[in-house]
Each structure stands twice: as C-alpha cells, then as structure tokens.
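I have placed the structure first, in the form of structure tokens, so that the comments after it can refer back to it.
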C-alpha cells in the first residue's frame, strides 16, 4: 500500500490533520503546517525527479508510478494513482501554494481549525491530481470543495456567509452536472459484455478502440462534463461566484482557491471531458470557444472598472482561466501545453496577488483602491511584490505569464479557419486590456502621493510574509526564465491518441 | 343465506371509515388516538378474515395480527406518554395547539 | 568568433540590474552609481570590440571575398519550443545594423550612466531617493535594448521589445509620487502595448505561414557555418509561401502585407509614429537622462530598427513600404509643426525626436534597391546613428539646464549663454547638427535621406525639405529663447546658474565632439541593406565627396533660411512671434494643443472604452449574470416560502391529503383495472 | 348454508362493531369514546372467536381491551376534568372528515363488492392448537416467527423505557 510514492500526497496531509488535532498551541500548529508543507514540497520534487528518471530510462507508459487499490469491488471503484507531466506540474504548483499559503496565514485566528480545514482542502486537491479513477477523482474533488464553505464562512470578511453560500452552491451545481456525466461515462466505459471501469486510461483506450461511448452519448455527456468542470474554471457565464467568493475569503483560502482549485476545473476539462470524449470535444468545441473567448475579454474589461482589489484580481482570474479553457479547446499540442503553462503561471501569480492583497488589507483595513495611494513609499516590499505580480499578469517576458500566453497564441493560431483566427485575435486583445487594469491598479494603489495620512505609519512585510511572497516570486520567475524545462515536461505527456481519435495530428 | 367474506369485510370497512372520520375531525389527541386504534383494529380484522377464508391451513394472518396488537400497544403507550408530557407543558391536549415543530 | 564577449555584453547589464535591484538599497549611493557606470563602461568597451571586430577584422564569417558583409549568429540556444521546429531562441546576431546599434546603445547608455551621477543629486550633493533603483532600471533597460538589437529571431525581438517597454515604464514613472509621472508611464506602456498587439499578431501570421521566427530565414541564405548573406531569394521564397497558401488575400490586401503592416504597427508604437505618438511627449516626465537614453536615442528607434531588420521582406510588398512612407512623412510634418509652439523645452525636443524618427521611417519607406543600392536604407541607419548622438546631446544639455534652473520652461531660462558656456556651446552644436548645417553630423545623414526621397518622389522630397526647414526653425527658436534674450534677475541669496559638475559636462563635451565628426563616418561601406559596400574605397572625406550637391545645396539653403528667420524672430525680445501667432490663431492653437490628439485619446479611452464598454460590462456582470444566479437562489427561496404553508404541522390536514391521494389512486385502480 | 344461530351471532357482532365505532368517534365525552372503543374491541374479539381463532380473541381481549383501553382511561383521567365536553366540531372540519371517510367508503366498498363475490363459503377449518402456535412463535424455520417475536419484545422494552423517559416529570 505505501510502496507507491504518490499515495503520500494523501497520507501526509492526513497525518498533518492528526497532528493538528493533538497540537496544544499556535506554535505547534504552525510547526506542523510548515513541516508538512515542506514535506509535500519535497515529495513533489522527489516525484518529479523519479518521473524524469523513469522517462529518461525509456518508460513509455502514459502514466507512471501506477498503483491500484480497490475499495469498492462491486462497482469496480479503485483508488488508482498515476502521474504524467501535467499532474506533476499541478502537484508542484499545489505544494508551492500550500507552502506559501501556510506562511500567509501565520497570524490567523483559531489557527488550529483553520489549518485543519485548509489541509483537508489540500488533501482533496492532491488526491484529485494523483488519481486516475473517475470516482475517486470526483470524491477528492468534493473533498476539495466543501471545506471552502467553512473557510470562507468562518474566517472570511464582509458578506462572508452570502459569498460562501453562493460559491458552494454554484460549485455544487456544477458538480451535480459532473456527477451525472461521470456516471454516464461509467456506464459506457466498456464495450458490451466487458466489465465497466472508472479508470481513465482504460476508458480512453476503449473509446479509441471500440467507440464504446457513442457519438450521441458524447454529445450529451461532454457539455455536462465540460460545464461541470468549467464552473470551477470560472467559465462565462458561470463565473460570478469567483468575485464574491474571493472578496470575502481569507488570504490563504483565496490563494489556494484561485491558485489551485480553479486549476481543478481546467485539469478536469482536459483530463476527463476532452480525453474521454474526443469526438464531441472536436465537434462541440466551438460553443465553448465562444464562451471562453467571451470570458477572456469580458473578465478583463470588467476588471478595468472595479475598485476592490480582490474583485480586480477575481475578474482577472476569470480572464486568465478563460484563457486556459480557451487553449484546451484548441486541441493541439502547442495550445494544450500553453494551457497547462497558463494554469501554472496563473496559479502562482494569482496566489501572489492574493497574498499581497491580504497583506495590504491586513494593514490598511480596506481593499478599495480609491481609499489608498502611494503605498510604494510606505510598504516598499509589498509594493515591489505587487508590481512584479502585475507584470507577470500582463505578460512581461521573464515572468511566467508571457511564456504561457505566447504558447497559447502560437498554438491557437495553428487553426487556419476564420472562426479560430478571429477568436485567437480576440484573445490576444486581452493582453492590452490586462495592461490597462493592472497599470491602473498599480498606479492608484502604489504610486502617487500618499492618500491616507494614517497609512504613513504602516510597517512593511514581516519575515513570514516575505518568505511567502518570495517563494511565489521565485517560482514565477523560474517559469518565466526557463520555460523549456516545463514545456518539455508537459508536452511529452500529450499522447497522440487524443489527436488521432479526432482526426487531427 | 351464506356468510361470505364480504359480510366480514363490510363491518371492518365501516370501522375503518369511522376511524378516518374521527382522526380527521377530533381535536383531542386522545380521541385521535382512539380513532387510530379503530383503524388498526379494522385492519387486524381484515388480516384475520383473509387468512381464514383464503388460506385456512396457514396462520400468517393471525400472527401478523398478533404482532400488530403488540405494536399497537407499544405505540399507544408511547403516544400517551407524549400526550401526557404535552399536557404537562401546555395544560391542553388539542392537536392544533402543538405547533412548535412546524416548518 | 568566440561567444564569450557577446554573452558578457548581455549578461553584465542583467547582472548589474539584479545586483543593484536586490542589494542596491543596502549600498551607498556613490557605490551604486560607480558600480552601474563601471558595468556599463565595461559593456561599452566589449561592444566596441565586438563591433570593431565585425566591421574591420575582415574575418571570413563577417565579410566574404567580394567584400559583402554577412550576418553571423554567434550563439542561438533554444529558450522555448512550440512545435516541430518552431521555437523561440535567445541568440546573438551580428550584422551591420546590430553592430551599429551595439555601439550607439552602449555609448549613449554609458554617457547617461555617467551623467546621472551628477544629475540625480541636487546642488547640495544630496542624492535623489531611489538613486540605486534608478541605476538598476537603467541597467535593465540597457540589457533589454541590447537583447533587442542582437535578436536572432522576431520573437526574441518581441520579448526584449516588451522588456524595454517595461523598463521605459519604470523609468518614466521613476518619480512615482508625482501623479503626472505615473499617468505618463501608464500611458506610454498602454499605447505601446496596443501597438505590440499588432506586432504580436503580425508575428503569429508570419510564423504560421513560414514556420520560423528566425530573421536569417526571412531575409538571408546560409553561406557557411552560422553565416548568412542577405539575398532576395529568401524573401521571395517567403512571398511564395504566402501566395501559395489557401487564403493569400484578406480584406483586400495580401496576407503578407497585413503581417508586415501589423509588425510595422508595433514599430509605430515604439517609435511614436502618428496615431500612436501621444505617449512620447508625456514620457518626458521621467528624469532627463532617461529621456536622453530611451526616448531620444535608443528605444524609440526600435521601430526603425525593426523595419530595417525585415527590410528585404518589406521590399516584397510595395504597399507596406508606401504605408511606412506616408505615416513617416505625415508624422514628421506634424511633429515639426507642434514643436514650433511648445513651451516646455523637453517637449520641444520630444516632438523633434518624433519628427526625426519619422525621417528615418520615410527613408526606409522610400528605399529601393534600384536607387543607389538602397540609399534610403543606409541613410536611415546613418540618421539613426547621428540622431542618437546629437539628440542625446541636446537632451543632456536640456537636463543640465533644468538641473541648473529647476524648471522645464524656457520662460524661466533666457540669456543663459553667459552663465553656462559649456552647455551653451554643446547645445549650439546639437542645434546645428539637427538643423543640417555642414559639416555637423546631421547634415550628412539628412542629406542622404533627402537624396533618397528625391530619388523616389518629388512630392515627398519637397514635403520632407519643408520639414527639415521647420526643424532648423524650431531648434533655433529654442536655442535663442534659452540662451539669448535678457536674462532673469537672480533673486537675493541665490547663486547664479552655472555649468554643472564634470560628470555632467564630460558627456556633453564628448557627444558634442561626436556630433561634429560623426558625419564623416563612411557609412555607405559599413551599413547597407544587403551588405554590399557602396564605395570602392573610403577615406575621411568620402561622404563629402560623394555628396549630391544639387540636393545638398537646396537643403542647406533651406536650413540657413530657417535659421535666419528664427534669428530675426527670437534673438531678441520682439513682437514678431506674437504677431505671427495672432495672424494664424487657429493654426497656432491646434499646434500648441498638439492637434488635440490627447483629447481625442482621452475621449476614446475614458468615454468610449471605460464608459461604454467596461462600465456596462461590469454592470451587466453584477446585475444580469450575477443577478440571474442570485435569481435562481431567490426563486428557490420564494418557492419554498410559498409552499411551506403546506407543511402546516396540522396532522389532520396531512391525513386528509394522504387519504385523498389514496382514494384517488384507489379510484383510478378500481376504474381502470377492475 | 350457515346455521341460523351463527347468523344471528354474526349480526349481533357486526352491529356492535359498527354502532360502537360510530359512537366512539362521534360522542363528545372522551371517556365515553373510550368505553365505546372498548365495546368495539370486545366485538372484534367475538368475531375472532366466531372465526375459530380463540387464541387471537383471547389476546385481543387481554391486550387491547384489558391493557390499552385501561391506558386510555388513565390518561383521560389524567388529562381532563370529569364533565368536560369537547368543543363542538367546526363544520368545515366535519365536512372534510365526512368527505374523506365517505370517499374512502365508496371506493373501497365498490372494489370490495365488485371483487369479493366469488369467494363464498367459509372453508372448513379448525382452531389452531396452542402447541402449534407456540412452536410457530418460537421457531426459526420457514414460516416461523422467532425473529419478529424478539424484535417485538425489544420494541416493547424500548417503548416502556421511552414512555418512562418522555412522561417523566421534569424536575428542573
């Protein structure tokens, strides 16, 4: 059972939960959180090394480090784990953000329970990324969603009950669709007479070889599945939980939610919807392309006139996550690679944003940019961090946003028809609008004369805030400066089957 | 003249209808309980009658009635305990007065 | 050639940026200044070595047996691969224009680094806050600009293009507590970003059809290991790829034209061509050395450089070249008109920069291989070189004046020639150079441009000559208004203005000397569009002897006349300027308000984009989309409130309903089944 | 063909059942209602005797008539004052109750009459011996009821405890 490395992604958080339960004071809680998140980071690095070694040694299986643990035989439900480059990228992302998030919530009230829920949430996230069994995946998905309600409802600010309720209900609505489609997939997961399976790899193989999910069923299941995951990926018009939810959530929760949880949506769209129903994906992509294309521009335009820092960032997330889904729907290696890069990049930079916003809010007690100004002079560290995050967001080369967006654009442009071209250009336009709202925010918040004289006495970041920020900045810069490492890690993953199945190459 | 099954079922049906009428109309909870007993009793008669007429060699209906009587006893005891408790709190045992548990 | 020196050229400024940016605030100001300057000095020396090796070593990878200069890829590792062979590489391309730009950038950058040591402190020697940050940003800019000019592929260029934009943003907004500086930096970034959108789409189109980003694939053929010669067969092959594609036309133009025009749009943004020029005057909010470095000499010519880099490809599409010509010519005239009326000396210089860059654009636009081996190309690059020198000189002079006076406004200056002789002489040299007076640098390059334009079309020749006249006029107007007229009374207790410390005057003197002699550089043998030398043999006076005197005489006389008019009007305080202003009030007004471009943009951005797009969308989102979502919740809640009355708690009612249901079912069963 | 005696007995029992039931739900004195219920239960027991289920009839009398009705009487005495009449019924309620009961009567009666004619005679059967009943209750084989028997006994126990808990006087 414990010989497989991946299982520790679930075991460590569970041990941490037990640790929190026996902690006596805040210091011990912090110690457990920090040790645990460092362990997880180490584990993801180890898994990465292992994976690369195995690949270098010539392993050609789609997923490596495979293991199956049956836990409900009559329905063939297993805890099947396995990773490819994409999951590893996501695991690394999650562990970095959990690490940074632990430091960002250093001073939270009732730390023990807060961390318990936070780590439970991250258990769900890790579990989701390592499992390749649809049922287990869905279970971890729900595990990741539910704690959000309590985290926002209890530790949030502002209209927290309303936002927590809205967020949870909308995501639950999405997962209702999702569950329907997953069950639908399960019942068509194998040709007549063979045992049904939840295993993604087996289903994909069956779909390719025997067309066991007929075209009609694909047309029915694909939109449900895509919308189900798309809600979490903040796809227009199911994105409105995002601004309210983020605005009320505590810092670490925003970080984790925008940084990792929203990636579950994109990852799921790719891993389940596209992967298992390629024909429908190819035929129906245009509908979702329109929606995601709208998301991209619409989120950016909305962000231009917001006055709450978190709303700005939430809408910018709508735009950036829209880009992820947009690229996924382009269905070619380059764009898909770009989509995964964008997930990584957006996860890190938006976590950075939310961390900084939380830190600024903790000092000024307002998030309204009209009530702040000239903070750069008072809080230089946070200010510089914010500018760097902004630059990453608007796609400055050398930071992560640029490589992801460029890969997406180049990939999207491979489609020669007018429809894709137009939407690619529309998506390109977002880089200008992004610049507008980022610079507007930075200009109002950080530059100019000090708006509120009370702010002059604020103190700059403490060591744990610096650690959290620097971790994220370094990660953002690492992706931006050495993209080829990540690109090749991800690209190797795209098996040609999915493209062959839909007649592309 | 012959006593067919119908002759036995009609009184039971009438008894049941009386129970229904009483249950719907009476306000006093004990009176409602009495109506309930009537209905139960009517059902018991049915079991016995069907057993006797259709399956004379078996005893399922009879045993069922036996158990039903035991259940009725249990149910009545509990219901009366509740009613007495309600009476203690509100000095009344009208069903309309017990509204705390609605919604 | 060993890649060590090129690597250091790129790495040193980057290292400086990182060191100064991360540890700068712990350093003493002087240390940071010296470190930055030294770093740039070393980079400059290395760049000189590289350029000298390229031009004069005669090594076979740089020049072939026929004397044709080749393109040489020093190194080109992959940075980000997309698919198949398409990858972004970060490399180092040596060819005439990149070697030329290496020299220009490092020289001006070094001068500015040196000069800033004096400029960024006040008269009492107190350092400007954020001095180290300033040097860090200067280093970042130098790194980005060097990366841009040595780009081996168009995507590398785009990467560094964005980076120079960002460093320009940071430097314009250096005084970040000043709202005008903040908004100017924002404007600069967004306007250029908008232009870059065009550039990006152009790149996407180009790379999609050709399957490559490499400049060497666009414009040249491989003649040896890592060496390439500019050859028309390469762009012709590209053109063939476009014309043989399934959809060679788009909205009445060929796709290649669209790609090239879109790429040129990026150049228009950076080089402040007409509809996208509005950021450059505002960018003068940055510290003056920054204006000299970025907004006069280097970054703003990136657009020209881009067109020059792809010039053989542009030759394939006359339409694109004509568009460049027209845009350039209109911008040149417009900027010159506006420059005649401005009060802020840096604004005058900014508009003059726009006008001069437009000269280079026109020059590229009219260049054709048929005419004097593409004289326009050479002239444009020549002008880029000389303009960088004398415009940096002018800006640095302006910086010295501003530093001494404490105002940007010429009305606060007047009669400074007695107090600041070195600055006066340097400024005069700069003015003479830009006005095109023989033998200063600007004369030669501008004369070559006019010759090229003359060879293309008489109309544009007359037009550009008029612009040249205007140039001479407004520069001397500025000169007289600053240095002549009656000086202001010096208030009690204040020192008279005086020349600045050596760190500031030394760059002035050096640049002044360069502006005097740069015109004699035999450019025709160094930089031509296809690497072929123009002259058989060269000596110091080649440029002079090769002059087309008919054109030169006309432009000289135009310049002299313009200077004379300026002298009459502005040498002493007199009513002539006011008379002229009153004679053409409308024209003066439009020029003074820069033809209301800024107001137009304000209208578009604030009223249309913010007011009619962003706000409605935000409203729509909060009220319609979110309203719908909330509406679901509301309906559910209302509905449950509405039906909760059924859950009355009245057990008798429940029984009745239940009974009714049973009876109904029973009746249905009885009627239908029995 | 039945003997006249049994018909007369039947008529008496049936009339007692119906009349007592009607009176039990219509009388306004609650104690009388309990009494009528008692008579109805006795009549039912008589019916069981007539159908040869003597054990069942005995249980009916012992548990129902003897146990439950006594419970009723006690609780009535505990919760109401002698001489109290319950309030007159609201006509709306009476109409509701009447419609319900009548509808049920019509539908069920129609089904009964239209279906049950074919089963005519009372088949010959004898009184089940006590030993058999005891074995059936205690056995675990097919058609034997030890498990339900035990379940009922546990349930009764639970009811006793529950009754005590619920009805216990709350001292605080």
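Letters A, B, C and D mark the chains in the order given here, with residues in each chain numbered from 1 onward.
Operating definition for what follows: a residue touches a chain if its C-beta (ideal position, glycine included) is under 8 Å from a C-beta of that chain, and two chains touch if they have at least 3 such contacts.
Computed from a predicted model, the values in this text were never measured in an experiment.
> Upon omission of chain C, how do the remaining chains partition into touching groups?
A | B, D
> In terms of CA centroid distance, which chain is the most far removed from chain B?
C
> Find the geometric centre of each of chain B and chain C from their Cα atoms only, then give the gap between the two centres in Å, rounded to an integer.
Spacing between the chain centres: roughly 95 Å.
> Just the number, please: Cα centre separation of chain B and chain D in whole Å.
Taking the mean C-alpha position of each chain, the two centres sit 6 Å apart.
> Starting from the mean Cα coordinates of chain A and chain C, work out the distance between those two points in Å.
The separation of the two C-alpha centroids amounts to 37 Å.
> So what's the Cα centroid distance for chain A and chain B, whole Å?
Roughly 61 Å separates the two chain centres.
> Using the touch definition from the top, which residues of chain C touch two or more other chains?
In chain C, 652, 655-656, 659 touch at least two other chains.
> Any chance you could list the residues of chain D touching two or more other chains?
93, 96-97, 100, 104, 108
> Listing for chain B: what residues touch at least two other chains?
If we look for residues of chain B contacting two or more partner chains, we find 20, 23-25.
> May I ask you to sort the chain touch graph into line, ring, star, complete or other?
Contact pattern: none of line, ring, star or complete.
> For this entry, which pairs of chains touch?
A-C, B-C, B-D, C-D
> Okay, in this complex, where on chain C does chain D touch?
Residues of chain C touching chain D: 652, 655-656, 659-660, 662-663, 666-667, 669-670, 674.
> Inside the complex, what are the residues of chain B that reach chain C?
Against chain C, the touching part of chain B is residues 20, 23-25, 32, 95-96, 98-99, 101-103.
> Report the residues of chain C in contact with chain B in the complex, numbered from low to high.
Spelled out, the residues of chain C in touch with chain B are 644, 647-652, 655-656, 659.
> Chain C touches which residues of chain D in the complex?
It comes out as residues 93, 96-97, 100, 103-104, 107-108, 110-111, 114-115.
> Show me the residue ranges of chain D that touch chain B in the complex, using the header's touch definition.
Touch list, chain D to chain B: 1-2, 6-7, 10, 13-14, 17-18, 21-22, 24-26, 30, 33-34, 37, 40-41, 44, 47-48, 51-53, 55-56, 59-60, 63-64, 67-68, 71-72, 75-76, 78-80, 86-87, 89, 93-94, 96-98, 100-102, 104-105, 108-109, 112-113, 116-117, 119-125, 128, 132-133, 136-137, 143, 145, 148-149, 152, 155-156, 158-160, 162-164, 166-167, 169-170.
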